[in-house]
Each structure stands twice: as structure tokens, then as C-alpha cells.
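Heads up, the next two complexes both have chain A, just with different partners, chain B and then chain C.
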Partner chain A sequence: MTNWLSAAFWTDLAAVLLLRDAGYNTMVVMLGAAALGGAAGAVGVFAMLRRRALVADAVAHATLPGVALGFLCAVALGLPGRSLPFLLGGATLAALAAALGILAIRNRTRLPEDTAIASVLASSFALGVVLLSIIQTLRTGGQAGLDAYLLGATAGMLRHEAITLGVFSLVIAGMIALLFKELVLVAFDSEFARAHGFAVRTLDLIILGLVLAVVVIGLRIVGLVLIVALLVIPPAAARFWTHHASVIVFIAALLGAVSAYTGAAVSAVHPQTPTGAVIVLVAFALLLISVAFGSARGLLPRAIGRARLRAQGSAP
Partner chain B sequence: MIGFLQIDLPALLVGTLAAVTCAIVGNFLILTRQAMLGDAVGHVVLPGVLLAFLIAGTTATWVMLVGAASAALVTVILVEFFRRVAGMDPSAALGSVFTAMFALGVVLLEQTGVSRTSFDVHHILFGNIEGAIWPSAVAGPSALLDPAAWSDLPPQITRLAFGLLVVAGAIALLFKELRLVSFDPEFARVSGLSPRWIGGLITALAALAAVVSLEAVGVILVVAMLVCPPAAARMLTDDLHTQVMLSVIIALASGVLGYLIAAFGPALLGFDLSLGAAGTIGLVAGLFQLAAMIVGPKRGRPRTA
Partner chain C sequence: MLAPAPSSKIRAEPAGAMTPPIAVRDLTVLYDGRPALEEVSWDAPPEGLVAIVGPNGAGKSTLLKTILGLVPQAHGTITIDGKPAGRGERIAYVPQRSSVDWDFPATALDVVTMGLYRRIGWLRPIRRADHEEARRHLDAVGMADLADRQIGALSGGQQQRVFVARALAQNARIYLLDEPFAGVDATTSRIMTDVFRGLRENGSLVVVVHHDLGSVASIFDYVMLLNRRLIAAGPTATTFTPANVATAYGMPQEPHPLPLAPVC
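Showing the complex of A and B:
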């Protein structure tokens, strides 16, 4: 049990946050988490604007059967079930299948997109739960490690796992940097982009691909239940600080990175706490701060601006 | 026989009652394009139920209902604040609030140590249908006719029966209005029905269905049952009344089949495994939907031309 009000907790946390007391391993994990948070924040801006956020939620939940199948495959091959490549490989395939399933239902049946999303989410998660309960009864080690994929757990993370996930996140960030202009144009003004001959459909597919990548890479750190939050909350918060399309992407990345970094630090001080939940709460706190004080659309700056206008208006 | 009455009968009752309650409301959620609302409601109820338990110290039905209702209310207020006062995009507002509420629930669960007593995050997520047992059935089939033995039926069953009664009653009473708002919101508006008001009612009923089911069958089965049986039924008919009835039948069938698969499937196939019934029930419902999407007579997109 953590005493959140004790001074010891906050000094420990501060020490870890400032990388003072953190072991090398913890540092690597925190930086890996920050890279993921940054990538998720940036991708989230495009996903939100192209209305892919809910798809991300379904795809994330659908990775559970993939993770479970990856575990079973690894065990069948005599490898330790928790090996990252198998679990993330399974998750990737499941995520792709879910995305295709949603498209197929939307395009080929009378069900609207939100029903398609919700039903893929629910039935694939149910399949995952069934597979998990099978895994729980197997006489093989490492089942407990699978819990980390539900709500995230950076506490037991190995250094090379953190480095792998961090590098993947940086690759995503690099992709965004390369296609920055095109992505911003499609996300913020798709009509203009289409009129000027940009391949909107291709860019939409790229955005969907980036979303899938963030989901899969984020599983271990944030967990599949809450990863969607890292794609939704930082972009929403970023819009309160600026009206500039491209600056929003940077601020969202920064807010995502700070949230994930802090979440990993709290998990380092208190390993019991599910990392994903802490990350989401930090992100939400940043959102509340942005709503109140954001320089572009925050409530307080807006109120001050109005008061000033009124004062000017009534001046003789 | 006694084993069946003590273990399987209560679990079957819990599973099917929850399935049917959620499926009935689900019909209106999918018709009013609010399918993801079920997902959101399932998530936000966690901190509410938990805080209510921490404050009152019991899992009595009314305490859980008050907690869940307060959580739903806080969610609605926060979402509306984000949308109307702060000017956020509706889906961003909903997505931020429901994930944050769920995260709060998860942290509370771990930090307060409740997870080691009567609440378990796994049960909330995956359900604990098998946790429903009926001790008095030790008397054998005569317990079925003995009101004294009914008193120790698992409390989930009373809670679920209450939920089903309210949900089915409200929908039967307001069926005409609900149909109008679902299929023709414009006409509903001009004939003096407020789609907003009816929409709020649908949300409230979905929340009620989620609350009474959540602790018994878990978030995942709640979400599956709100969506899959009605979506399957929608592939089979154009008539709303028939659709609701079909969704109830599909939910019942999923509940019974799913439970039987979980309870007896592995042993029949000679495996030494145990399956969680919440998962198998949800999966069976998903398979029903898949089958309906492939062969259902009304599966296709309506021609718009």
C-alpha cells in the first residue's frame, strides 16, 4: 500500500524523476516510456483529427488474443512464454486482423462504424479472456508476466525490452518527421489536401498504421486497456495551448512524453501500481491544467481577454 | 444433481440474466449510434462502485447502485463541461474522461488493498460468474420450492432480476417513443418528442444494466452483450420488435451455450483446463454475430439510391 501523502513518497519520486536516485535500468525504462509517450501524443493528433481514436481502442483490446496466442506459440516451441518478439508479433497480427474486421463490417453490412468497432472490441477481447484462462491452467511459468500487458507494468521490465520499445517509438517519431507536412495537411484540412493532389487515402492508411504501431509498442508500458488514452488525452490538451497545427503536434508529443515518464517513475518507486493507470492520471491532470491555463483556448486566459476587452470598451 | 443446483444453476442464472438485460438495452444503443457508450459506461462504473464500497463498507445492492450512478453522473458532468465550456471535440471529451475514470479505479483498487479482499480487478474486467453459488441447494431439488432456501441465493441474482425488470419494463412502456427516436429522430422532434430526453433515458438504462451486471460478469461481458446480440439480431430482421426478441433469444443462447462450454467443454475433450465463463459467453455471442453477418437475410447495407 502506498501512502501518497507521506513526504518520503514524494522525495523518493522527485529523486527518481530527476534521475538522481534512479538505477541505470530504471533510467532506461523511464526514457523508453517517454519516447513511447511522445510518439503516441504525436500520432494521436492525426488519429483524433481523422477520427481513428475509437478504432485504436478496439484494436488495442483486440491485441489480447494475439498476445495470448504469441505466448502459446512460444511455449509450444519450448521458449519462455513471455518473450517480447512472440507477444508483440501476435499482438501485431491481431491488431491488423481487428482493423480489417472493422473495415469489413462497416463496408459490407448495414451496421454503422461504431457498432463495428464495439463488436470487434468486445468479441476479440472475449476470445483473449478465454485464451488467458487456458494459459492460466497450463503448467508452465511466466503467466504472471501477461498481466503487464493489460494495465502496463514497467517495474519488472528488462533493459533490452525498454531499449527495443524506445527505439521503435523513435522510428515512429522519425516517420512522422519525414511525412510531417503531408500528415498535417491531411489531418487539419483534408479537402485542401485532396484538391492539391495529395494521396489522402494513402496518408489515412499511414496514420492507421502508425496508430497500430503505437498500440502494439505501448502494450507493455501502458497496457491494452488504457493505451487509447495516450492517443486521445495529450492531443486534446495540446489544442488549448496553440492554434498552430504543427505546434499542436509538438506539444501533444511533449505532454505524452511527460505523462509516460512520470508514470514510469511512480512505478519505479512503487512497483505495485499499474503503470498505465498512473500515466493516464498524469495525462488527465495535464489536460485539466491545459483547460484552465492553456494560452490559446484555456478558460482563464479567455476570461482575462474578455475582461480586458470590456475594460477597453467602457473606457472613454 | 445437487452439484448442478449449487454451482451450475446460479451461474447459469447470473450469466443469462446479465446477458438478456444488457442485450435488450443494446438494441437502442446501436440504433442511436451509441454502441461505444456501453464500453464507456462499463469503464466508469469501476471507481464509483469502488468508492461506494470504501465509504459504506458493504457491497449491498443499493450502495453499488448509488456509487455507479454517481460515477455516471460525474462522467456526464465532466464530458459536458469539456464539450460546452472548454469547447472540446465530443469524442475527445468522452475518451479522456472514461479512460481517466477507469485509471482512477485501477489505482484505487491497488492502493487501498481492496483488491485483496472483496474486489478483484480481474473479476471486474473478466467477471466471476463461477463465484455465484447456492449453499441451500444441498437439500436437493426440493430447495427449488422452498422459499427459505431462496434466501441464500447469491445476491447477484436478486440484483440482476431487479435490473432486468426495470430495463424491460421501461422499454416496454416507452417502446413507441424509442422506436421513433431510433429510426426517425427528425420526425420524433417535430412530433414533440425530445431525442435528447430519450437518449438520456437510453444512457441511464444502459448504465443500470452495466451496474447490475458488472460485478457478476465483468466489463467485457457487459460490453459484448450490449452490442453482439442486438447486432446479430439486426442482420435478421427489419422489424424492431422482432429484433429485440431475437436479441433476447441470442443472448439467452449465448449465456447457456457459453456457460456449458466453459463448465464442461474442456473435460469432454479430455483437457485439464478451466475456462472463465464470462469469456466463453462473450465469444459465443461474437460468433453468433459473425454467423448473422455472413448469412443473415438483412445483413447488407440498405440501398441509399
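Showing the complex of A and C:
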């Protein structure tokens, strides 16, 4: 066990964070995680502004049965159960099914959207838990590694996996740069966007697709239980620093990248740590700092502004 | 370069015939199965300022949204400049203030620039010239000084003027505005009236959902009285009569109102 209070832990962590003492593999994994965190933060801005955070959470939880079915399919075909294409392919299909399920429930039944989301989230996660318990009884290897998809892990991650995740994240960043103006428009005022001749449904599908991509790519590092945090917390924190949508995207990407990078570094020093949990805690710490000190609407700058106004008001 | 010969389709239309910019025929719109609008037929005047007046729930906003293609129609047709209503840049739109998320990370200038997006085009970045044009539209509503304010930090009247500036940026010939005068200050009211009159000078059609009966006659050339059915429509002087107003506001709210004698 690593002693969290020992000086050695912190010096090791500092060395890894600064890439001084990190092995090549660790370095690649950390940079891959940072790329994912950045993409998640940027995509999360649009999920937040278009109020799709809960859908993202449901879709993430719904990947569990997909991962389990992917594992079972791979085993049935005589392949190693934990092959990435099967697991992520299963996750993608399950996430799509969940998104369609939410839409169908909302549009056909008159149940409110949050009810539809909560039912799909819980029931698909339950299905995943049952499938996992079946997998545990199989006499094939590799079941243990599936835990990584629940809470995230970077230990044992291969270099080419990390590079794949990094490249995917950069593709996502490129799409946001290309569609930035349209995505902001639909998030701000979808009726105006439609009246103005923009394909709102297509843009909504693109936002959902980006969210889905981040969820699936992030499963391996952050885990499906917590990935929504990486979509929600950095944008929420970024909102405290600026009133400009474009700047929010940059700050959210930066905060997401820093969180994921730090999480991966802690895992490198202390491999038993669930990476996803550390990433989320770092992100939350950054949120608290932003709430307190954010230059646009942080509590402290606002208090100072009010005090200054009052001082001017009482001046003779 | 010679322009291609005009297509025979365009030629086939009767030359000089006044096609109304907006023509509504037998329009019925349902909300949750109940009629919000019933068999409304209306030809907009070619240009000028039109007030849509009627009690709450009369379907005024619904009519605007149906013309814009935002609400499905159960029955009837709408044509814009003689062509079936689709969606497009031909109509500028100012939604009700209550429908906007004022916490959104956008400045006044950002919002006005959105009115230019159609002309900037898909996937193309916003250029400096676009921001300069947006600034000119803000200036037209007396808001140039506040261009860089977050929209939530503006007063209600200033917010309304930002959205009028966005409509100006759309550079359309038809303007639809949903209750722009609701709860705004006197300055905003005066500036908006001037802007609308300027648009009329340019030959534009400005259709405004309006709640203040007292100012209808002083601002608007035409009026449309609506209460799920069309009560009356025409020039303000002849249409905005106490009798018509009483019919529009006094009608019972049952699903099947008493049949009315046609009003012209």
C-alpha cells in the first residue's frame, strides 16, 4: 500500500506529473488521458448549454450491458474476452439503444423526460450488473479487467490504446472547432435557429453523437459510472471565469485535461487507485476554486465588487 | 456574364399581380388535440406595420410560429411571397423574451451576430466584418455602448432591443415579433417604433403581436384581431373598431364558440 501521507508519495507524484520520472508508457497514457479530458470538457459545454447532462449520464450507464455483451460475443468467437473493439463496439450500440429508448419513452408515453432518463439509466445498468455476474461464473480469463470499465483504470493500459484514445479526442476537438458557431446557436435559441434555416435536429444529433463518443472513449480511463462528471464539472467550472462561449470551451477543455492528466499520474504512482475517482475529485476541486475565485461570477470577485460599490455609495 | 434566361415558371405568374408576402388559407393548428387556431385565412398587406391583437390564448404566438414553420399545422396552407412556407432567411423573428435563457454565456454582440449566421454559412467562421456589421445593427437600436455586456446584465428593454437588432441583422423583408413591447421602458418603446417605421420606409412588412390596445392606433397601419378564429383584419382606421375589439375579447372560451357573421 502506498502511504498517502508519506513525503515519498508526493515527490513521486510531482516527478510523474512533470514527466520527469515517468516511463514512456506512463507518459503516453497520461497524455492520452489529458486529450480525453480536454475533449470531454469541450463537448460537455454543449451538453450543459443544451441541457443534455442527464441524458449523457444515462447513456454512460447504459454502456455496461454493452460492454458485457461485447465480452460474451468475443468469448463466443474464441477471442480473448477483453478485446477493445468488441467492448467499445458493444458499448456504442448499447448507448445508442439507450438514447433511442429515452426519446421513444418521452415522445410516445407523455412521461416527463427526467422519468424516462432515470428509468433507462437504472434498468440498463441493472441489466449490465446481471450480465457481469454471469460473466464471473464463466471459466474464461480476463473477467477481472472489466472492473476498469466501471470506475476507470489506467494501470495496465497499452500504449496503442492510449494513442487511439488521444487521436479520437483530437478528432472530436476538430469537429467542435468546425461546428462551433452552429452548436452555440442551437444551444442558445433552437427556435430561432430553425426559423433562421439551420437543421436543428441534425445539430442536436451531432451534440448527442459527440457526447456518445466521449462516453465510449472515456470508459476505459474514467469508467462509466463517473464519466458524466468529466462532461459536467469542467464546463460548470469554466462558466465562472468568462461570459464568452468560445472561452468557456477552451477553459473547460483545459480543466478537463488537467483533471484527467492528474488522475492518470496518481494512478501511475499508486496503481490501486481507481483512476476515474481521482479524476473526478481533481475536477471537483477545480470547480470549488472556480466558484470561489472565478473572475466572471465567482463569489469572492462579486463580493469585492459589491463592497467597492458600497464604499463608493457611502463616500462623501 | 449574361444572366441565365428567366425560367418560364417565373414568367408564368401574372405580371404585376400583388402576391401577398404572407398568405394564410384555412389554417387550423392543434395543441394537445385542442384547436389553438381554427380556419384562419389572412392576406398580409404588401408592406407596413401590422398589429396582431387578441386575448391570452387567442393563438397569436402560435400564428407567428406556424408561419415560421416551428409549429405543425393540422390543416390549411401558408405561402410566403407565393411560395410554400418553408424555413429560411426570408423571415426575421423576435421570440418572446420569456423564452430566452438569460444566463447563457453570450454578449449582446454575440446575439446580434447570430442573425448573420445564415449569410456567413455552415461551418464558416465569424469574421471581423461580421462583428462590425452586428455593431452597426446594435447602434441602430441605441445599444452600441453595451455590445460587450453579457445579455443577463442588461435591462429588460435593452434585452428586447438586442433581439430587434438580431432581427435587423437577418436582413429580411418580413419581420415577425412576439410581444416586443411587453414590459419595456419608454426609451426602448420609442426606439423600436422608430426602427419599425424605418423598415416600413424600406418597403418591409412588420408583424407584431401586441398587447397594449391603447397604442395600436398610433403605431400600426393595419390590425388583425384574433381569438382562435380571425375576427377582423384590415387598415387600423376601419378595422380597429370598438365592436370588433369587443368581439375579439368578449368571445366565450368554450371549444366551440358561437358562429360569427363574417366581418369585412
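Operating definition for what follows: the second predicted complex is superposed on the first by the 308 of 316 C-alpha atoms of A that agree within 3 Å, B and C clash if a C-alpha of one lies under 4 Å from a C-alpha of the other, contacts with A are read in each partner's own complex, and residues count from 1 in each chain.
We take it that a contact is a pair of C-beta atoms (placed from the backbone, for glycine too) under 8 Å apart; a residue touches a chain by one contact, two chains touch by 3 or more.
Since this is a predicted model, take the numbers as computed values, not measurements.
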Exercise. Just chain B (first), just chain C (second), both, or neither: which does A:Thr242 touch?
Worked result: second
Exercise. When the two structures are overlaid on chain A, which partner does A:His196 contact: first (chain B), second (chain C), both, or neither?
Worked result: second
For this session: Using the superposition on chain A described above, determine whether A:Phe250 touches chain B (first), chain C (second), both, or neither.
Result: neither
Problem set entry | Partner with the higher number of touched chain A residues, chain C or chain B | B
Seminar exercise, completed: After superposition on chain A, the chain A residues reached by both chain B and chain C are 239
Seminar exercise, completed: Given the complex, residues on chain A that touch chain B span 1-2, 4, 48, 51, 53-54, 57, 105, 108-112, 114-115, 117-119, 121-130, 132-134, 136-137, 150-151, 225-226, 228-229, 232-233, 235-236, 239-240, 272-274, 276-281, 283-284, 287, 291, 297, 299
Seminar exercise, completed: Within their complex, chain A touches chain C through residues 49, 178-179, 181-182, 184-185, 187-189, 191-192, 194-198, 239, 242-245, 248
Problem set entry | Residues on chain B engaged by chain A in the complex (per definition of touch) | 30, 33-36, 38-39, 82, 85-89, 91-93, 95-96, 99-100, 102-104, 106-107, 110-113, 121, 125-126, 220-221, 223-224, 226-228, 231, 234-235, 272-276, 278-283, 285-287, 289-290, 293, 298-302
Exercise. Which residues of chain C touch chain A in their complex?
Worked result: 65, 68-70, 87-89, 91, 93, 95, 99-101, 104-107, 110-111, 114-115, 117-118, 120, 122-126, 150, 166, 170
